């Protein structure tokens, strides 16, 4: 019982799920809204959500969902009509940030009030995983339709475990228990408050002073200190976050595989793990994060060897290489890594010019190719690896995540893997992709890191799944 | 002489600085009898103000201290009193009117409240009673509408009114002794006369004893019973007024008396005629050098919501012709528009209406050309000796710059010319290396005149260039002008509120009042047979050094 | 107080101020000679070490020597203070002088411009300029110059407005001097005293603005050692490693103290106050 | 009463200032590289999605047209939509004004409360050790970055000795004041030093002035001399200084707001700049500009009220 107060570093931006692509919103969406299919706590399995069960036609084009008896927080029943409406809306609405991802849906119809039939335009294995996106939550058609959409975001009605009481922008989001939630018996909390405390120090002081029950996104640097506090529990949950260094394959010597290999060898990832994550992370070696589906544990790991790297660079005719490194301003770890990499590459005779830019601008520079190297990270939104694989290895319009990496064999394989329904074959294909990408050095994998959150001793089952969702319906405040 | 009310014995004051001690007051002894007015005269910096401030332990700085002496009043030595006791003496027994009323009145407090403050504190009156008393007091010191003026702030008063407010504040504590430090220096003669009469009246009515500090012997002659003359921290001569004026003993006192520019008696007139003749020589039917025709200068008054601006006419329809070689004096009360006229004459302020023509060129019609000509041929000597010289430049630099810009002298010859100019105004050429702050007032004034001469002008406009000076220095400067007019072919416009000097120096006089010319004519004529009552009042208000020539002025005009 | 006693106190304050600022300037100049370590060298084995004999001010989270970083930081910070004040001073003085001297339309236009800049949120300007030009010292200087001149312009304008009616200015005009000569030779030298005093406290404000920008993550490029960014970065370790923030913070304070003492002394000497 | 007539004229000067600020902001924020649509979409952005967003917010129109739209909206009392929050900018600002306003108000009051007595103490003991001590301490207030001071205060007065809450903003008045205590104190520590220095300097001058000599010569005790004559005369120059500083504060509370997690406009502004939320930047800039103009206006009124000689 009781109200759980959680301190986070950013505020929500909206309560219309299709209009956000930010983690901060998803955290709250999954409290307030419900999806047809959910990802379990381990982050490796799809489990029933609003849909009790589902069947897939043999051609893989028709999905039939059987909805359970659930109600929205206003007491209205959740119908297949609502679900169909929500899927069409995320595909078609002008304000939707996700329409591209849902173009695969051809039709979504309610066969009866509890049966939803979705027809796809083509085969897509990841489709079911996409249903678990909080952005694809089922909304009450009646309240959202037409001109009411804007006001709906003000007073959202969902079928999640909690419902919105008030959103004081910039300060907090106040949720209360939703008595109409289909699994309400399991929910122990009376409510949840998401507080915004942007400054890391303040957030940590806030929990140390006992003014909140939980603080999330704990800086790695604070973990050791917080662990010594007997009143607090520091939790480290596995994540799908992977930090990597983008390389612009179109820039001069960087087009040569040998040069990229040399760079990979010149970077001491263990040192980065130590410095940036205080040893809490782990050296990365595949673009598929550890713990995610199809992660290939035996992938190649090039040893740290600056001397050899230097020689390889000389052999490749790139001995006096100078790289332009875009650093995202305001991100402490990014700056730390940049400084470290600069020093490490210097040992291999590579000069690095750091160029710190405001993060919003760095997107443009990366897209336009005005960079040589830059560090970014990716956290999976969905369970299936296809989303990331496509963006990173098989995508034309975003130039393979701004790297300009080109390998037709890889691209074909990405297409094929998306359609492969046999799990074993599919696994093999993704292993192959991981090897190929590593061999080509599409980018340099740096490290995997866990989610670190801290709660008071009296809080139980405060857990973040690898996709970043907090399942507060299970959390207990003693 | 009755038993003294206040008696100063052997008072010495020193200032301590890095190099040791310097004596500012040297064993000064003085007595003040009840109901007496003691005149304290002496040159600037002789320690008059300091003496008065020492009496109530209000020394201007912590580095200054009394080293010996006593001040007896009511059986106590005031210098030996503690903080609390001397506080009770200040105001209640000894009231002070300071030299400069503008800076001694609190600018952000209503004048009435400043009077009330003393009444409530010393006389323990309640608010309403104090206010009533304050208004009565303001009436006594000559405010015309005390009830309204009670609520005014100091800046809303003219200089004369401020001086009266200062007196009211001093009287609010009902003192036995009033010290008035140069209460009239900043004022013109008419207002000066008014204040002096007020002081005498107060003495009569309240039995006050007054110490009156001044550098003007005329003022002393008209008001005091006794005189003390100070010089370099010492009292060099003290005694009955008539004795001292008639038989001065000390060299300095004699110099003071002889340099007083009283109205010349008839025997002295031939000297003046001499000058007039000399100046008339080059005059002919030639066209005037400066011609002013129906000149108006208006200043905008602040306020006036939504652009309905009102303005104030500082010069209202003045017409005047000045022939080459003439010496013209402009006189008039403070604020009558003399300086404004002078500046307009030289194109230094915009003309609202009318014409100024210089040597045939009109300032309005051919502004640039006329200005160029004027800048080459006319120069001005400014009212304030310190402020009209750039404080950062030495006198030599100032003069050299003028010579360089004017370009009338070859660059190589400039240093020589600077020397020459300084000699011309009787300054040692060594002064070329000094900055204005390192010079005395008279020396600055002469530097200003040298700068005007550097232009090698045909016309000099000298604006009240002697008002702020000691009589001895005044005399030097007048002599210099007399010489220059005679030896160089100069046209001189001389502005002053001191009529005696104008009469000594000028050939023709123009009397201004409220922005207009009220009377104009040859000096001798105007001063002897003034046509206007205003002119007569101005002349009558001059305090004469002869104590038997009584200070009198028709009250009606003084209030205007 | 007598002039001499005042002069003495002024001298003592001035000397103390000059010693402090001069000390930092010397440290900056001699940085390679006196700094015990390379300011950007990271020693992975000596992270977050408290002050000791080997590292008198301790080390930061990269194992960089804080003393060395402070010494090298003096170069950047002194430069920031000087440049961040110099351009606003020059621009503001010229604009303020012209507005005050000519009055009328020129003045009205410039005053409106000043109003706009005063009303313009500094942060928007600063962040936009940094975003447009990229974080770094030059954007910082440009932003400071764009905004900072306003204070000087106001100060100088007020002075010139008073002084241009001073007799010596009118005298200069009456002697046929050109307006340039009157304004720049006669009026300006007599009106800069107040601004020079203000400079000194402005220098401190510049350093603090720099620190605030660093806090928002847009400070100078890493790994440059700069005090503001050192405090900003170190604050993540405030509770476990006080020395990372304390020493650069103290350096700002000491430099500020030096500047304000020079300012006080100048003010007292020239008879002006802030 | 015509000394106060500028009160009627002044609002006319609002117009060019606010117009100027809006135009400069408009141009400036749009010159910043970086596309709001891309910021909104993040890593998963696709060209069609970006185009969609741009069309939706009219970002694909020519710049001058966008400005005209902006002006038209403004004439209707609207400021457009936030790209990030997708609600009306005015509404968004409305929820954020109070904390910032309260913070500034409290800080200014607190600074005055700190500065005046200390300045008086220092001035009346000029040259003695207490004067030096106060001046030395005040330099510390100027020199330490506010975010450092803020954290120190928080660690001391909220965690070690839990007197005040660490961060946030309250609901009831008392609650709000408690939450504002530390942030206001942080600002006041540096603001008061500026005030203190200028007040002290003025007081020292006035203590040496003829006005005080005259008051003493009337036998007034030191306390009356100080509080009735020196203080009223000394505050006039500090009013302007305070106004300029409040002007800086209005746009400069962001650091304090983000440290103390106050849901104010500074934070809103910074986030908006970083996410290129043009309309919000524009709106907040205008509100700040108006507030600054207003503060200067009030300062002018105060100056006129304090000093009867001043005419505007």
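Letters A, B, C and D name the chains as they come in the text, with residue numbers starting at 1 for each one.
Here, a residue touches a chain if its C-beta (ideal position, glycine included) is under 8 Å from a C-beta of that chain, and two chains touch if they have at least 3 such contacts.
Just so we're on the same page, UniProt names per chain: B = Peptide/nickel transport system ATP-binding protein; C, D = Peptide/nickel transport system permease protein.
Owing to the predicted nature of the structure, the values given are computational and were not obtained by experimental measurement.
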{"item": "Chain separated most widely from subunit B, comparing mean CA positions", "value": "A"}
{"item": "Higher-contact pair (C-beta pairs counted), B-D versus B-C", "value": "B-D"}
{"item": "Distance from the mean Cα position of subunit B to that of subunit A, given in whole angstrom", "value": "87"}
{"item": "Between subunit B and subunit C, centroid-to-centroid distance (C-alpha), Å", "value": "47"}
{"item": "Computed distance of Cα centres, subunit D from subunit A, in Å", "value": "39"}
{"item": "Subunit A, residues touching no fewer than two other chains", "value": "201, 330, 358, 360-361"}
{"item": "For subunit B, residues contacting two or more additional chains", "value": "none"}
{"item": "Multi-chain contact sites of subunit D, meaning residues that touch two or more partners", "value": "32-34, 151, 155, 274"}
{"item": "Set of all touching chain pairs, with the criterion as stated earlier", "value": "A-C, A-D, B-C, B-D, C-D"}
{"item": "Residue numbers on subunit D that touch subunit B, as the complex places them", "value": "2-3, 5, 8-9, 209-211, 213-221, 224, 228-229, 232-233, 236, 306-309, 311"}
{"item": "Subunit D-touching residues of subunit B, taken from the complex the two chains share", "value": "53, 56, 58, 60, 87-92, 95-96, 98, 100, 103-109, 117-118, 121-122, 153, 155-156, 169-170, 172-173, 302-306"}
{"item": "Subunit A residues touching subunit C - in the complex, by the definition given at the top", "value": "200-201, 204, 219, 221-222, 224-225, 271, 274-275, 327, 329-332, 335-336, 338-340, 342-343, 354-358, 360-361"}
{"item": "Complex interface listing, subunit D residues touching subunit C", "value": "13, 16-18, 20-21, 24-25, 28-29, 31-34, 127, 136, 139-140, 142-148, 151, 155, 194, 197-198, 201-202, 205, 241, 244, 247-248, 250-252, 254-255, 266, 269-270, 273-274, 281, 284-285, 288-290, 292-293, 296"}
{"item": "For the subunit D and subunit A complex, residues of the former touching the latter", "value": "32-36, 38-49, 52-53, 55-56, 84-87, 92, 95-96, 151, 154-155, 158-159, 162, 165-169, 258-261, 263-264, 267-268, 274-276"}
